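You will see two complexes here that share chain A, one where it goes with chain B and one where it goes with chain C.
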Partner chain A sequence: MNELKTINKDKLHQLFDKLIADGNDVIAPKRKSEKVFFGKIISSSDICYDYIQTAFSAKSSVFPKCEELFSYEKNDNEIKHLDPVFSDKTTIVFGSRPCDSASFDYLKVFFLKENPDFHFAKRYDSTLLISMTCNKSDEHCFCTSVGISPSDTKGSDVSLTDLENGEFLAEIISDKGKKFVADYSSFFENKGDISQKSNKNAKVDIKFDLDKLKTKIKGSFDWDTWDKQSLACLGCGACAFACPTCTCFDIQDEASPKSGSRIRIWDTCALSLFTLHASGHNPRENQAGRWRNRVLHKFEYTDTKFDMVSCVGCGRCIKTCPASMNIINQVISIMEA
Partner chain B sequence: MCNCNNNMYIPYPMRIAKITDEAPSVKTFRLEFANPDDKDKFSFKAGQFGEYSVYGEGESTFCIASSPTRKDYIECTFRQAGRVTNALANCEEGDIIGFRGPYGNTFPIDQWKGKNIVFIAGGIGLPPIRCVIWNALDLRDNFNDITIVYGARKVEDLVYKHELAEWEARKDVNLLVTVDPGGETPDWKGKVGFVPAILKEAAPSAQNSVALVCGPPIMIKLSLPVLFELGFNEDSIFTTLENRMKCGIGKCGHCTVGPYYVCKDGPVLSYRELMALPQEY
Partner chain C sequence: MDNIAKNINQLIADGSVDIFIGYVKGNDNRAKAAFFNISDKVDNAIFDASCTQNLAVYLHKHEIKSFAKIGIFANYSTLRAIIQLANENQIKAEKYIIQTMNKDSQIITFANLTEVESYVQANRPAPAAAMIQKLDSLSKMDRDERWEFWSKELASCIKCYACRSACPMCYCSQCTTDCNQPQWIGVPAHGQGNFEWHIMRAMHLAGRCVACGECQRVCPMEIPLGLLNARLNIDIATNFGETAGMTLGADYALSSYKVDDKEHFIR
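Let's turn to the complex of A and B:
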């Protein structure tokens, strides 16, 4: 059983304002015209609660769209490399949904299990994830099909549930969460009833049987159905940029010969340039192969490698796709083949 | 906390000690560690690769073409094909470039003691194999017969011309150099013909032998049936793969072949391992 507490909205906002005043970064859902995005807030009043899901996940707080790997200064034959400067303060990510929080669990394994990634580790270690369970869902949600649920606490440090009476139920999940709540104990109340949670949380129908999919997908590489399935794909990569678990990146120099930075930026296997050799040979020569790589990577390759399916069922790729590609229909068609 | 304090993207500064023009647009750099401490810490094995960078331009992936038995330097051979390789080609002796590595797996050369080794290479496919050739020649007593079949489209495209002459002169190396029909010059004294045909003519024994093949896909494809006919099998034929790479350490996703990462699970593969891969290389 996780330790339970409650916190009311006023106290929660006072807590965020204090954290901000103490120099910490607080990343929370913010409204920007029609959509809600994660962003750094300067006051608790910036927080938006009216969202089923943010347009993008909070992945960029631990794996930014663009980040410096190192900087350098070069004078003739002297070269000096400098690590990027990481803040020694905590970054608090507030309001991520269970699907996105679960993606942090995957990202942690992907980046740290072997050849630990220095930059990810620095950011991950200083990030505290205060997630929010889902009281609503939409037609694209399929977390329950990939082993996650609207009430899931996986990946969170502290998991809140909106009791819709001005109070939040707080489940303390990780050691990091325990330390945080202990440090700010005056904001929390020592009560809470876990049964209140299930009354509030949304129900999401299971759309496919994951175990059956895992069996069927093995050996699907050579199927000729990928051509047809990928016909609509424009190769724009929008799905990957919206995906909470996509991790591919490019490395480039942003610099002059005398000084500058080597940076990494998000990249995606959906793009034809991703695998193009300097010779002109492209091992993944058509969009069918690229779409297949995306699907198999999510549902087969990472499962084999890490025992983790790298899809959290957030449905963003479906919402984002300008050509109405639908990963749920794709996996159902694999299962029915 | 993961206690990860090593920024693995920071390269070793390397001084270009020597530049050799090998063929049109192909150069070899001999690189020495600018910091002696780096040199002491560094070691690699035959078959590994690295990321070479020009500050301000970016990184490019090449094998280490020199032998691990030569400890004072590393060498790489590259063809000018893009932004980074063009920038590298503009460097001069004495310039500092970046190198990080070694990455990837290695040829199981320790298991080849007492065996015959057959090297088969085409064009710019020789550098990854040259690393093993010198490794074997520097430890010559450990191995039995050494046969090298190397070909290029034209005489001018042959790389390591001085070393080819050196190997030719050695009694303990059986070297066959060939150029494609029409690629010969009036004074060409080597063979004329495609690599698979020359390999068939040479007919090295498959008894107690391993074969290393690296070159253009068509050369590999047509050399394999010849090797099988000679009696080589799935476990005695090795190659080294190449795919576009960025990080070299299994993170960036560029080099994947199905679930495999060429940078970590490769680049060296036996024919048996190669056949188990999906067609994405």
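Let's turn to the complex of A and C:
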């Protein structure tokens, strides 16, 4: 059983304002115009609570769209190598949904398991995830089909549930979370009733049987469903960049004669350039192959490699796609084939 | 929608088309491009206010190009893009059966591009008031304020290239931004890289943009890209008297010149 506490909204906001005043970064849902995005807040009043899900995942807090890996300066014959400077403060990510928080478990495996990634590790270690369970869902949510649920606490440090009476139930999950709550114990109250949680949390229907899919998808590489389903796909990066578990990156050098830096940026298999060889040959020559790669990567390749299906069922790729592509329809067409 | 389905079925049955591009219901309240006779059921065909995507973008996708006879159920912007693509020698009219639905819900089959031209000229919608208002407020800003506005907006660009992918006029087999020898445009989605990318794209579409608004609609970061193109469209129309996708056979402003041009450098 996780340790339980409660915190009311005013206290929660006071806590965020204190964290900000102490120099920490607080990343929380903020409205832009129609959509709600994670962004750095300067006051607790910036937080938007009216969202089923943010348009983009919280992965940018540990894997930014663009980050300097190192830089150098050259003076006469001396070359100075400079590592990026990381703040010693904590980055608090507030309001990630269970699917998003679960994605951090995958990100950890991807970036830290075989060749630990220095930059990711630095950011991950200083990040605290205060997630929020889901009281609402929409037709594109399919967390329950991939082993996650609207009440899940996987990947979170502290998991809040909105009791819709001005109070949040707080489940303290990780050691990081325990330390945090102990440090700020005056903001929390020592009570809480876990049975209140399930009354509030959304119910999400299971859309497909994951075990069956895992078996079936293994032989699907040559099926024409990929060609048929992908004709509308425009080959952009919107789905992958919105996806909490798409981790592909490109490395770019930006240099002048006196100085330069090496930068890591998001990249994606949906773009034709991703597999283009210097010779001009492209082994993944059409969009069907690129679309297939992204879907197989989620449901087959990471399952084989890390024993983890890497789609967390957030439905963001569906909501973000300019061409109305739909990963659930693709999965169902594989199940039915 | 029965008459749309009947019409598509007819064209498929009599062998007039190998593939018919139209719309079906997509995610949320959006329509999705459909590829009848290949991947979608004709019975699901729709044509209504949700059908905003510019389908001309698929005409230069090589999976589609490989079909000999292509039918397309075009909304207004798609028709304009077709004219502009023909002007830029990107499509051969003989390959296509182009249809639309007019305000009285009648299906129109265009006999040739000249008929498409007359249709787009006769049915041109008034520019959106909100867009005009926003453009006005931008022109009233001084340079620093405008710089501030665009710095803030473009900072959030993630370089997903959805704007380019959805644009019917971005058909280059190698986009300038993907060129790395030489590297014209900074690849990372940082301040400078984003500015370079958007200035480049806006310039490439000046006088070619058919004002479908797709780039802005698809931008996952809600960047008001349409403002850039709308501004340039107005400038091109004012200075060169041209509007993309309205006149068949028109040259486009930035790729043609007149020997009696008032600017000396051109001679």
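List of remarks:
Just so it is clear, the second predicted complex is superposed on the first by the 334 of 337 C-alpha atoms of A that agree within 3 Å, B and C clash if a C-alpha of one lies under 4 Å from a C-alpha of the other, contacts with A are read in each partner's own complex, and residues count from 1 in each chain.
Just so we're on the same page, a contact is a pair of C-beta atoms (placed from the backbone, for glycine too) under 8 Å apart; a residue touches a chain by one contact, two chains touch by 3 or more.
This is a predicted model, so every value here is computed, not measured.
Legend: residue contacts after superposition of the two complexes on their common chain; A:P283 is shown touching chain B, with no touch to chain C. When both complexes are overlaid on chain A, the residue A:E114 reaches chain B alone and has no touch with chain C. Looking at the shared chain after the overlay, A:F274 reaches chain B, while chain C stays out of its contact range. When the two complexes are overlaid on their common chain A, residue A:S186 makes contact with neither chain B nor chain C.
In the superposition on chain A, contact is made by A:Q252 with both chain B and chain C.
Annotation: chain A residues 250, 252 touch chain B in one complex and chain C in the other. For chain B in complex with chain A, the residues that touch the partner chain are 1-2, 4-11, 13, 15, 34, 53-59, 79, 81-82, 85, 94, 96, 98, 217, 242-244, 246-247, 249-254, 256-259, 278-281. In the complex of the two chains, the chain A residues touching chain C come out as 32-35, 37, 55-56, 65-66, 140, 227-229, 231-232, 234-238, 240-242, 250, 252, 254, 263, 265-266, 268, 271, 273, 286-288, 318-326.
Across the complex, chain C meets chain A through its residues 26-28, 30-35, 38-39, 53, 57-58, 61-64, 158-162, 164-166, 178, 186-190, 193, 214, 217-218, 220-222. Contacts from chain A toward chain B in the complex involve residues 69-70, 72, 74, 77, 79, 81, 83, 110-112, 114-119, 121-122, 124-125, 221-222, 247-253, 255-258, 260, 262, 264, 267, 269, 274-279, 281, 283-284, 289, 293, 296-297, 300-301, 304-305.
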